[in-house]
Amino acid sequence: MRIDLNCDMGESFGAYTIGDDDRIMLWISSANIACGFHGGDPRVMDHTVAMAKKHQVAVGAHPGYPDRLGFGRRRLETFSGEIRGYMVYQMGALAAFARVHGIRLQHVKPHGALYNLAASDERTAEEVIAAVRSFDPEVILVTLAGSLCGEMAAEAGLRVAHEAFPDRAYQSDGQLAPRSLPGAVIRDPEVIGARAAKLVTSGAVTSIDGQEVAIKADTLCLHGDVPDAWKVARAIREGLAAAGVEVLPMSMICGS
Amino acid sequence: MRIDLNCDMGESFGAYTIGDDDRIMLWISSANIACGFHGGDPRVMDHTVAMAKKHQVAVGAHPGYPDRLGFGRRRLETFSGEIRGYMVYQMGALAAFARVHGIRLQHVKPHGALYNLAASDERTAEEVIAAVRSFDPEVILVTLAGSLCGEMAAEAGLRVAHEAFPDRAYQSDGQLAPRSLPGAVIRDPEVIGARAAKLVTSGAVTSIDGQEVAIKADTLCLHGDVPDAWKVARAIREGLAAAGVEVLPMSMICGS
Amino acid sequence: MRIDLNCDMGESFGAYTIGDDDRIMLWISSANIACGFHGGDPRVMDHTVAMAKKHQVAVGAHPGYPDRLGFGRRRLETFSGEIRGYMVYQMGALAAFARVHGIRLQHVKPHGALYNLAASDERTAEEVIAAVRSFDPEVILVTLAGSLCGEMAAEAGLRVAHEAFPDRAYQSDGQLAPRSLPGAVIRDPEVIGARAAKLVTSGAVTSIDGQEVAIKADTLCLHGDVPDAWKVARAIREGLAAAGVEVLPMSMICGS
Amino acid sequence: MRIDLNCDMGESFGAYTIGDDDRIMLWISSANIACGFHGGDPRVMDHTVAMAKKHQVAVGAHPGYPDRLGFGRRRLETFSGEIRGYMVYQMGALAAFARVHGIRLQHVKPHGALYNLAASDERTAEEVIAAVRSFDPEVILVTLAGSLCGEMAAEAGLRVAHEAFPDRAYQSDGQLAPRSLPGAVIRDPEVIGARAAKLVTSGAVTSIDGQEVAIKADTLCLHGDVPDAWKVARAIREGLAAAGVEVLPMSMICGS
């Protein structure tokens, strides 16, 4: 049994610091690195790639909408092809820093509103998939487990990493419970660690209304922007270790 | 006898149009494509690369300072390594669009204040050179003919394209006459065409004070942002053709 | 009979020019000046206010979403109060340039997607109205004739200018025909001029399906971003003059 | 004996937080509020003005260069009049939020590179002064004690607040010791508090080489971006209180 553990990294910008990258980097196997649109800048990208390499964490692009004020969390209406362009641009920029540091781009995971929209909107999913295929078909696309985008990407022949969230409650239909719902976001590191272990070992979560729901996951997402995120990371690693689960970069998990 | 003819392209942004790319593209052999910092955006980059490919014009990155309001024309103080990061980021982004369109990045030409500073400032030249070497040592660096940067890049083993300006007056020391000087900028297409032909066939220009000055050029720069720029382009092509000079992408001119 | 004629102005940015402000300014009575979010910058704002003053054109703020790439034409999800903040910020900035030039801010007209959303979305309209009231209740709010926002603003005690579009077809319910519909956008200056005159003198337009529809308008919008916009402006002025309609800034038309 | 205590506030942006405004606000008498160019955004400005009002802290505009990536810490080449425009724009935006909250703009203090350049560069000082005069001659301009800008502003009839830095070492000529010098930045709250008290009560500081140097100060600057900034704030207040110095907004100190 094995799983990848990913986290958004490199979202600091100029004089602004966000996240706790130095500590989180010690616990994850894949880093989703912001590409300068919603967060990140060339210095931060360069530094974050170097740090990931040092800690043998695989690097991925984490492209978002061009909306720094909104941190990529709000949808933008786009022309046909525009999302594809946002993706190509940002993957290229991050891949360049990987190349400069002698490593490869392992994956790409859209950020925020782009991730959410791609999960369910066909046109967006198509553009995301087209971007990855045309830029580098070896790059793994990270999508929400059970999403339209994941299905479409697999059909298109892309390598796909299905992602699950051990700190988020699920509905009995396998969808994430909306954040507005009480209990939708889990904060106790112990509980999150136990959920992570169960997700991997049993391929299921207990839904918010007590059902067992099958979730096929290649990678678990760690939220780096919560208080004491590194403690959650540690708890997940401990939970996984106790259950005999190995943590590996997703390229060693997702078929090529 | 042969020469490359380059022009800055793809500097439009969103609803804002600048330059006359559609017409200029017909006359040049290499396009310096803005990368989204001083000008350009993903849609414009995608479109400009596609158009260049269609017209068999080689593509290069045209990275600038992150200062859209100043259009990359003003210097920014930078941390050590910051210019290198600006270059890597923008080369990566443009190279991604080239890759998507199945072509290669031929060259990189810094824009505006970055070009000028790199020409004479050692630290800036070092960072520009380091960026190209670490990103892709096959990419040609375009520098001002006779500049420090050109010398340093050649010493560093990079492929260098030395650039001359047929529409700019030169001093007798081989430097460009400052734009503030009367006569520093030449506007008559016929005159520019004749200067271009002489530059290539004799390896010299007549300086602003009447001296013959040797200028070794691999590529001539066409300014796309002047009125009737395409007429200047046509006059240069006609002047070169009349003198028996072939116009070819710089990759066929600069040794590898 | 009298009417105001307004046009969006000052949307250029840095090296980028958009619109034909110099010529349009001669034909209008009120200028909606971009405030640096979707278009415009401090230099352009300063220059545009100065030019408006010189031509005795009244100035208004033309605030948009903070989305220069999208030119304010796409909606952004916002937190409660965020649109109010966008409005206050931009009105303040433009009012400062008016003050520096010794004139007053006459009006405010939201731009693009913000205008459209405010016309029909209650929360947006509330924030727009709250912004104007709290910043300066003497400032006139320009809204789409017949819109929710106009009604709400009037109820809130604001001075409101109801706006009509002589170059746009109307449906028989008084709504603008969507741009996607054939015939929705009228381009012939003569026709536009005649429609303008009829709008003012009869208080009605002929709808796209041949009905007479009452439209109460205090100001007519001229689109500055179409080819030969100034010819449309001239045709409207001529049409209005022939019908004996006086063109005056909206502050002389809307009650205080 | 009385003095104003000012601090830069409201430099957070979107999802990015910087500074410790909530705690610092309790200890100061004047807040320099970022205006959206180097830091800040409409939501942050609105919130910061509201918080200042609640704590009876006077508000000022803190305009910077339009360079968020560089946090306004690097100089930009500007056209004639451009700095004046940056100042007018940002003062207007901040003044609008003050107006909305029913308070007045007390002062303006240029940020970072703009502050430093204005202190010694005549053209920049002229534009800063022209901006304040034309926007609102009642607004106090905060300048480095002993600077060219302060002299010029006083001559121009502006209200000027001369600023000193209790946490910075001074040279015997009254200039700030460069940050690169060992000992140039003082970090011990007790020492800073004692220096503040001495500055106000004796009108002098002990320079880095042991000389007594006269410094006429109306306001002391507190740096909010250092670790435990609020402890420094508290130490200054305690030092001043022990010396019998009253802390008051600068409008009660600088003559009108």
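Just so it is clear, A, B, C and D label the chains in written order, and each chain counts residues from 1 on its own.
Here is the rule we go by: a residue touches a chain if its C-beta (ideal position, glycine included) is under 8 Å from a C-beta of that chain, and two chains touch if they have at least 3 such contacts.
This is a predicted model, so every value here is computed, not measured.
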Chain labels contacting subunit A and also subunit C: B, D
Self-contact between copies subunit B and subunit D, residue sets same or different by half: same
Candidate from B-D, C-D or B-C with the same interface as A-C, over half of contact pairs in common: B-D
Interchain centroid distance [CA atoms averaged], subunit A/subunit D, Å: 42
Separation of subunit A from subunit B, taking each centre as the mean of its C-alpha atoms, in whole Å: 39
Shared interface positions of subunit A, touching two or more other chains: 41, 69-70, 73
Graph class of chain-chain contacts, one of line, ring, star, complete, other: complete
Subunit B to subunit D touching residues, read off their complex: 66-67, 69-70, 73-78, 113
Residue ranges of subunit A touching subunit B (in the complex, touch as defined): 36, 41-43, 45-46, 79, 81-82, 84-86, 88-97, 99-100, 131, 134-136
Footprint of subunit C on subunit B - complex, ascending: 13-18, 39, 41, 68-71, 73
